[in-house]
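What follows is a pair of complexes built around subunit A, which joins subunit B in one and subunit C in the other.
Moving on to the complex of A and B:
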């Protein structure tokens, strides 16, 4: 199958960071905001969007009257602490290696951390490692399968946490035949049902959604039709500065024209029906069922659960007799942490009383400060709680 | 966690594996979820696997679309 490298077309990803295009879009946003003539609230639902908005200081380029809030877009932050507690318990068993993405290792569940004096601090997988647990960070689900092959005398657990973009790789890995000593913790989240609930919340006033560009690459834009039907403007969102600003321009145009459609400014990757092959592998291995979103609620049909023919890979089943089931559940967030409200876009991180004091990226207190995708962490790292820079269009 | 970065395919090894260009090196990438890939194509890679490819016509159409945001009067 190997063939010589003959480029078929010139694609320059840097064009999506181009300063002139960014300036043009900044002007366009200012014009649209003037035409709309009232304050507008938009929301994105992807932690990577929050991160990129901070990294490129994009909020400083958006007109004052347009607020872009972060919604439930960080899978690590919404991961129910029952799964974290399960991973911690398993990691402390002698014959078990627990693997997960680096982000997940630092997030506390609800097991209190003995001897900790800094408030209501709970145990994470890193704390379990400090207590002798075999906990390893991996880059992908395929790495976890390799660790299982390399350690046939051990049980290897992959703490699978993520949205569609991540879950599909787990499906592909299991479908291609994973070793019998591998199992997964099924903390896999599907966002559209959560967005279905948002408009029902008291005081909900979001008029447009930036859709998560890489999740919809898999599922297609179709899965967000319910938002447009509820009169909420939608636009796919890529992750470069030009992409994010173009999505906002699309949403503002829709609001100016009193329309609510699903627009696709990230059309170089996103299709209305998504990636068919990826979707079919995903649904071959997983089916949708209820799952608890940390601090929010149990939401029907919003979790990817292994289908019966793949349940031999379920860590919850495999270790049912060895887990202390009573110790799995517990208070969702440490006392004083307002991650639930941050995750729903109901408050800004700096409205939480411990933000930047008891809770910083170096000593995080709640999940939204731990994860690189967490809203609190992005706000602290990129100074989004500080005064906006006054960026003039040259 | 949904970060995805575009990379150029250097060599397709089998139905599930290719080499992508990363700076001046190349790196393995899982491509089992993307159809009809060949060297010179571009894919968006997330956590070691390609989530989809960027077809030339889609890349060009996307640039044109962005252009219309910069020229307000031309957008329908």
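Moving on to the complex of A and C:
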């Protein structure tokens, strides 16, 4: 484990926000960047990381020669049209209640919104609700199960979107016995196979990955060994300012020393092997299969699908006869939306022509502007597209 | 007990579990808003008897009130909240305090209020009575009189429980002139206490979340506190009550198209421990959460310590703080400076705060 990555922590959580510790790390990063002596690109693959980078303006604290890009870390942004369209169609059925995390409600799918004046705008679950659909925001899969119990004469559909951290909760809920009138839309994504894809992209020049602190508590770090084997530095990353900077320090140290390992500076929560128990419960209910990442590609073994014995909870199966199958798939992103490139870290959000114009958080055009995990939204809200905010006092 | 034809049950005095039966009916019915006998009963027995005062008791078409002089500040606001009763307050207190605060932040002395009720048929009469009493108590606390009112009853299903509109009149003393145009670089920004309490308290009750220690809404009339501050800081430039959208909404509104910028130091912003914990858990930013008893003041540098002292001396300002300043550049931007000296834009509130996935 690297020395920079482990300032002596006690268990006071405020230490991870501590200004002196941050200052120490900031200096460490500056020294490392000097020692490396060339521009370096790093990537994180978690929406919460981008959010925290914005909230604490962490890019201000990182040396200019080090660029930290946002990669595919927003489950809402990569959720394929098919599932959004399915949720919308189901919500408009009289006997169906669609439950979803709040983040998903405003994401447009590909069904055109009639009578919309802004242009090529597609329907979201909020639009479906405005048209009379029964759409409810929930905090967890367990809330959805409760709604199903409270409404025995209705079908309740849970829009299950997210990475490991959310899918384990869904597995736990189904394993404990869910009501028969509950089903789920299977839109849960598994990130490691997507990171296999990244190095194959044209012009790929990322030298280090900050691994997503939430998801790796479950998957463990082993699943990213392929990156280290390809010479890409890796370090687990927590979410407090100290955590983020410590993982960047670890990556820079690896680059300075010309090595690529999987470091674990977030070891207070992450174990190299992850959480075996949670994984086995997860794999009792779900198995990995191919899934489409919106606007990117269908990636094998990257989607959690219900195992045969749990398929009675599959909304796609349960409602197969009542869904307009042809209307499910559609154009991947609205015309002009460059979310796929943003998600892959190929362009910055403000390089998209409609960023901040047609597409703003109050009237999102593409999915990356909707979710709190979305890169475009974080950039817009926290002003990351603006020039450095230099202050002049009176 | 006899049943009325519509099936609404008049409650016999002896069987009523209500604190004091202002009406023979356990719940509000359409006739209570019809202008007939039941309307009059409700107005006399509930509104007039609770709110008191000569103007209201006259039951004329308009209240005729004395004019103490000065420019008139005049405002209106409609209120709805789920749940109606929440930790630290209720819709009645909210409706009175909200309008009083709108007047007070203009530098006016709030004096007269009107109250209009839109009530859904079937609304519990006891609850209505509690709301009305709470309005009276809050009006007394603020030193304002409720001088006119109106009641409409909406058919069941056509309204969500209870809506209250309050309009208010206040008088601005000569020499008081507040507005964003008076703000200058170098001014200090003050708030009178912890931010986000109301939003988080209401949300916790609505979602049935256990909060460990108790957190209460800050809903309160602020005219007393404001008067106290203006006595020692006569050159206060600008005030705004911090309500929905929180500090972030006010900050972004004030700075729009101005030739100066607004800087908040995030470590200086008072946040209740529970609010911080809860916000972190749900990914909600306390700077965007609602308040109902907080005022943001922009005060010249040389009066800022006096203003802070006066705030802290008032029961509603014990945790007051100077949270930022007005800067020359960047112009027209509200920004947050972190403990590390890094800066971000103070994010604009977009929609109702919803918990995030991760």
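In this text, the second predicted complex is superposed on the first by the 377 of 394 C-alpha atoms of A that agree within 3 Å, B and C clash if a C-alpha of one lies under 4 Å from a C-alpha of the other, contacts with A are read in each partner's own complex, and residues count from 1 in each chain.
The definition used in the following text is that contacts are C-beta pairs under 8 Å (C-beta built on N, C-alpha and C of every residue); 3 or more make two chains touch, one makes a residue touch a chain.
Keep in mind that this is a model prediction, so the values were computed, not measured.
In the superposition on chain A, contact is made by A:17 with subunit C only, not with subunit B. Shared-chain residue A:128: touches no atom of subunit B or subunit C.
Once chain A of one complex is fitted onto chain A of the other, the partner contacts of A:275 are limited to subunit B, with no touch recorded for subunit C. Once chain A of one complex is fitted onto chain A of the other, the partner contacts of A:144 are absent, as it touches neither subunit B nor subunit C.
By the touch criterion defined above, A:172 reaches subunit B but does not reach subunit C.
In the superposed model, A:28 makes contact with subunit B only, not with subunit C. In the superposition on chain A, A:107 contacts neither subunit B nor subunit C.
In the superposition on chain A, A:241 makes contact with subunit C only, while subunit B stays out of contact range. Legend: residue contacts after superposition of the two complexes on their common chain; A:218 is shown touching subunit B, with no touch to subunit C. Residues common to the contacts of subunit A with subunit B and with subunit C across the two structures: 46-48, 75-76, 101, 103, 139, 161-163, 165-166, 214, 371-373.
By the touch criterion given at the top, residues 1-9, 11, 13, 15, 21, 24-25, 28, 31, 46-48, 74-76, 101, 103, 139-143, 161-163, 165-166, 168-169, 172, 176, 212-215, 217-218, 239, 242, 246, 249-250, 253, 265-269, 275, 277-278, 281, 371-373 of subunit A touch subunit B in their complex. Listed in rising order, the residues of subunit C touching subunit A in the complex are 184-186, 207, 261, 263, 282-283, 285, 325-330, 333, 335-345, 347-348, 350-351, 354-358. Residue ranges of subunit A in contact with subunit C, taken from their complex: 17, 19, 22-23, 26, 46-48, 51, 54-61, 75-76, 101-106, 137, 139, 161-163, 165-166, 214, 241, 361-362, 371-373, 381-384, 386, 388-394. For subunit B in complex with subunit A, the touching residues are 1-4, 6, 8, 10-16, 30, 32-35, 38-42, 44, 46-49, 51-52, 54, 56, 58-59, 61-63, 65-66, 69-70, 72, 75.
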